[in-house]
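My structure is below; once you've seen it, I'll send some questions.
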């Protein structure tokens, strides 16, 4: 709870700093603040509690995920400085928005009441709309924002409708009560429909097939940093929330529902990977890869033992890899008007370290050993097979094979092509973020139990 | 003591090889030649020691060094066996070997790589000794392949000429075909009797109750294939004539006297196996007989002096196999020895001639060498008489024995064999006359350089000629030292020296007569008519077929070489690419899918929302309306 | 109050809401003018709001009505952002037809 | 003293080599690889003394994965192969100038590390991790330092990577399935499982995909020739000398004992595949224009025979397979090095551009000839021991297998001698060919020496591997 408040406070502080014209200090202060918040959040880890008559429920689940969100935000904030160099005037807005977005995210994983959930998701979404279109001059950015906004609010409408039906069936918004009531025999049909609608709305947020069409366009159009945010933070938040919703609200998932999940997950992996094969724009490619990863993460909804832990592990490994990758992309595509793959030609020669980091990140996403991505996949497969969905795992495996195709396209571009530019100086912060992110990723690979057993 | 001496006998040539390969170049040609020769002479001396010892004691000497190959049901060790047979073989291997080394010192003196030549010769002797001395089939196999390797090296000694290299390759590969057979035979014997050691094999077979004869026959047959490869029998004989590409001493040593007799050695060694496989024995006899005839016919018309001798070798080997097939191992061995003497002599003689003519090998450009090359001619004459089976020369006795055995077993075989030996007499004297008689047909320039070869060359000739003359003594029809000496080797008792009755004498007469007829015809054609074989293009009719060796080489080339190469092309160009595209086609397909998918993602919000709604409806329908 | 509900029956409220909602959806699907698309989305939201109110009456509990305030506030914020985007689009492209927004595709 | 030390040394070596800079890299790498060799000798010693050299540490508790390294005779033999070949390979590369040398040498050591790990791992998942890890370095070695046009090099390499990875991912699924059954990845527990024939068939299939691609067996070999051709000499040596032995080793260590009944069920097909590989490879090799491609196909033929031997499921088969693995490792490395030596002088791998070299370089010619003869398994070379044993084991199953497999000694002689003839013999080449320098000669001599020593006295290796093979055999026949 205090985490949430602190974050919002921090956001406001940013705005104030702007007013008092401490522009320089904004980023450092917010990073320090976030670190403090992180500590605060961790301190709450072992004291699960409900606040404001169950509006907010702080649990191991919420705190651990919040921690992940905060870490990601720290990275993103750190990257902002370089990214908004030419637009220092609005730096405070960007930071503040990110912080409020984080607040929304935290609310989404620690809600105890559908109202809170709805607010959280809207805060997150609206912040994202703004960030997506934050590059006012660029048509692409506008278009991205518009698309995201239209479809996003459409999705929110669906979610809202779902919530409404649930309320109609249960007469309450309180999660715990709902789940108690959901065990009772006689349920109006609206309840499952409501669940499904919310579920679908969330599928849109995590960009699962067939609700994924916005993702590539928006990712491509938005400013790179925003894309980074979407593909890491936003996706993780959405999947975590979806997970919490489904686990918290209704007792058992019916067989048909499971089939739906299986199909959606299969479709997401396959479509995502196949579509990614022929992309030239790296952001777009990662968008599709994100779609496929959404498919992977959906598998956690099916597994029974320690699903939350696996999800946490998978999402952290994915997000960290994403951060590392995007920080390199930011460097490479800085003041380029596109993020096409040919910008990466010869990076292996001009900047070996970053090339290596990007390679590592991609290998992790592809699930090659010692990177966390591999273990994430491993645990996921292991538990999915345990839950008896071997066919799903086979599809997943085939997909990971396909995914090599495009991840390595990028690696090949870096090492096998001749550089088409002189190397430019690399800002320290990018190195820092990239290195830390990939190191964390590898560390996760070496000591998976750290994260895995948090929620066991 | 024995062990060390045996090791000396074995390793002396090997050391010679090592020395020559590393230091030969520096110490000068003659020196390296001398060292090479000494190495072999040393082995010869050691052999003599063992010979006397064994001849006296009749005791075989077994030597075990260390384990080599471990198989689940038996293990093979480096073991050596010195018994009557191996020592006998060693005698003429090392003996003739030393002579030929001696000969080579002078013969190869103009060759820049003389030290290599001697190194290879020594290596050959080493492997030959291994082959002969080995106490089990696998050690024999070492030698077996080793000599093959050396013949490869020596045939291709002048490696700048790709034809020679082809010949060498051909020899090696054809041998390998045989080797596979041998290997399979070894497998069968090994898995049936759980040993490859001669002694224990023999006892195993002797002691075995209810032997599976078919298995044994298969094994014997496979071994025989091996022998065919080594000893140039039909169908694996075509490499031997080509092998004449090598320097003449090589032809003498490897392709006449020693290596090619390895097959006979092996079969004699395993007589107890073959005795139990009568069908295989028949096959051997027939193959031998046919080979001897075919080779002889080809030899009739060849004009290259060494080719004639090569085919005559094949033909003689055929006779030996005939004897083997009829179970008369000691007779075969006898002929091996005599043949070693006179054939080596003949080859060396031809070498001396070629040397005198500076590399001329075509008999059509020779003649009238009697005057200048007395010694060569004389030795050559003796050997020719010997091979033609004219008493009292060695060939007469050995060949007569074979014919005798043939007659006793099967009249048809006897006829074939006699025909072969008749032809032998003919072509040998044809060779003799064309080379040494009438007038010289070569160029003037050659004529002026004609000279008798130096002593180093003539000395071995003389020695061999003497041996060829008197070699018959070791197994006279009436009292045969050889048969007695070899007796312990054979499971079934050697049929005792024939009591000489009318039949025997008639046969002997017929044989001699045949020989004389052959000589006569040759005399008529080439002395009286002064005939000279036509040049290649206007050879016609049957002669042409013979001259082209029944086109066997061409046939093989067509059936095997060409087909396998075209198969290779097919695989390389089509199957490989096909497979590749098959496997990686999947990747292409997915790629294409991705390409098509891009079309759906057309950027229109309306479409996206439509998909959204459709998906929604689909799920809701599935979950609620469909139930 | 409740007697009205008893007479009309909660189902009809639901149907009404669904119909309204669907109208909104169709609007989003078929109209190409961004403003109108916004309005359609608003219709959807308001349909839901209506249902909320109905349910809260049905359950005799105020949470639903409070929730409506939330959603209205949120909707307002959303539209504000949306319009802002729309304005900048209009500045850059001189049109507000969403059919023109097809630069990002493939 | 336990096996982990070896891995530590190799890994540290990789790191330090990278830090030591381009100048020193090769030397440092050589030192560390030699150190690794020393360690594996020491390990061999302490194994023979019966000390416990295994290393087991818990790693992940859910799912239960242990960092377990165990070494029996078989593993040690493979380790010796790896650590003996690595220095030779590094040493052989002294003649070539790599740009960014530090990276390639550290990659080589890293690969050695991964492969050593594969041979040591006693935990299924750890094994899988090492197995995958070994892919990365070779991928980069071939990609960055490879030869030929960048585009089709990239093409070949990426195909190779995806293809091999595809195979191994199914192996991963199989492992997970086994884990569900056994509740642990430890090899003993997996051995202890008794699975139904159907399960075994699936598991076997999954493993087979991984191994058949890695070894490679036809028709899964399509990646091989191109990659061998495109990779730099060191890469090709690593691939052919050690990496494909990983596949064969895994067949013996994992596939057969875990799914023995399936292996027995499909024995004939498997042996058939191997032998088909022998014949097919030899025939294709016959008409290759590119020296490295020819050698690639020859090695396809040889590993086919090895695979056939290991699928024969009898002691001779396994033993022969292992012996032949080691022998082939050395020979093939030597041959590829020869190709490299020629390339250094003539800038070509096209056989047609060679010939007439022997006259100019007697030493080189002799060494080359010895290698050729070894690869056609002339007695007294190590290869003969292996090939003989394998063929014998095949003859125990069915004499015709031995006959067909035995064609290798004919066809092998054919294409190898043909190659030798056109590469070395003939009229003296107009282009000068410098005699091998000390480094090159030294490397070749060592290889040749190994081949002869163990060809005449294979007993030590035999005694080393036999007990573990017998143990595996008992597991297979449980």
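For clarity, chains are labelled A, B, C and D in written order, and residue numbers in each chain start from 1.
In the analysis below, contacts are C-beta pairs under 8 Å (C-beta built on N, C-alpha and C of every residue); 3 or more make two chains touch, one makes a residue touch a chain.
Computed from a predicted structure; not experimentally measured.
A.B. asks: Chains in contact with chain B and with chain C: which ones?
C.D. replies: Neighbours common to chain B and chain C are A.
A.B. asks: More C-beta pairs touching across which pair, A-D or A-C?
C.D. replies: A-C
A.B. asks: Going by CA means, which chain is nearest the middle of everything shown?
C.D. replies: The most central chain, going by mean C-alpha position, is D.
A.B. asks: If you average the CA atoms of chain A and of chain D, how far apart do the two points sit, in angstrom?
C.D. replies: About 43 Å separates the centre of chain A from that of chain D.
A.B. asks: Could you put a whole-Å number on the gap between the CA centroids of chain A and chain C?
C.D. replies: Here chain A and chain C have centroids separated by 27 Å.
A.B. asks: From the C-alpha centre of chain C to that of chain D, how far is it in Å?
C.D. replies: Between these chains, centre-to-centre, one finds 67 Å.
A.B. asks: Centroid of chain B to centroid of chain D, CA atoms only: how many Å?
C.D. replies: About 37 Å separates the centre of chain B from that of chain D.
A.B. asks: Please output the residue numbers of chain A that touch at least 2 other chains, ranges allowed.
C.D. replies: Correct list: 146-147, 150, 154, 216-217, 405.
A.B. asks: Show the residues in chain C shared as contacts by 2 or more other chains, in ascending order.
C.D. replies: Where chain C meets two or more other chains at a single residue, that happens at 25, 28, 98, 101, 103-106.
A.B. asks: Which chain D residues reach two or more other chains?
C.D. replies: Residues 162 of chain D touch two or more partner chains.
A.B. asks: Run through the chains and report each pair that touches.
C.D. replies: So, checking each combination of chains, I get A-B, A-C, A-D, B-C, B-D as the touching pairs.
A.B. asks: Could you please specify the touching residues of chain A with respect to chain C in the complex?
C.D. replies: Answer in residue numbers: 115, 118-119, 122, 125-126, 129-130, 133, 136-137, 139-140, 142-147, 149-150, 153-154, 156-157, 160-161, 163-165, 167-168, 171-173, 190, 216-218, 220-221, 279, 284.
A.B. asks: Using the touch definition up top, name the residues of chain C that touch chain A in the complex.
C.D. replies: Within the complex, chain C contacts chain A at residues 10, 14, 17, 21, 24-25, 28, 34, 37, 41, 44-45, 47-48, 51-52, 55-56, 58-59, 61, 63-64, 66-67, 70-71, 74, 77-78, 81-82, 84-86, 88-89, 92-93, 98, 101, 103-106.
A.B. asks: For the complex, give me every residue of chain D touching chain B.
C.D. replies: Where chain D meets chain B, its residues are 159, 162-163, 218-220, 222, 225, 280, 283-288, 314-316, 319, 356, 358-359, 366, 373, 378-380, 385, 388-389, 391-392, 395-396, 399, 402-403, 406-407, 409-410, 413-414, 417-418, 421, 425-428, 456-459, 462, 466.
A.B. asks: Any idea which chain D residues touch chain A in the complex?
C.D. replies: 60-63, 125, 128-129, 132-133, 135-136, 140, 143-144, 150, 153-154, 158, 161-162, 165-166, 169-170, 172-173, 176-177, 179-180
A.B. asks: Report the residues of chain B in contact with chain A in the complex, numbered from low to high.
C.D. replies: Residues 587, 590-591, 593-595, 597-598, 601, 603, 605, 607-609, 611-612, 614-616, 619-620, 622-624, 627.
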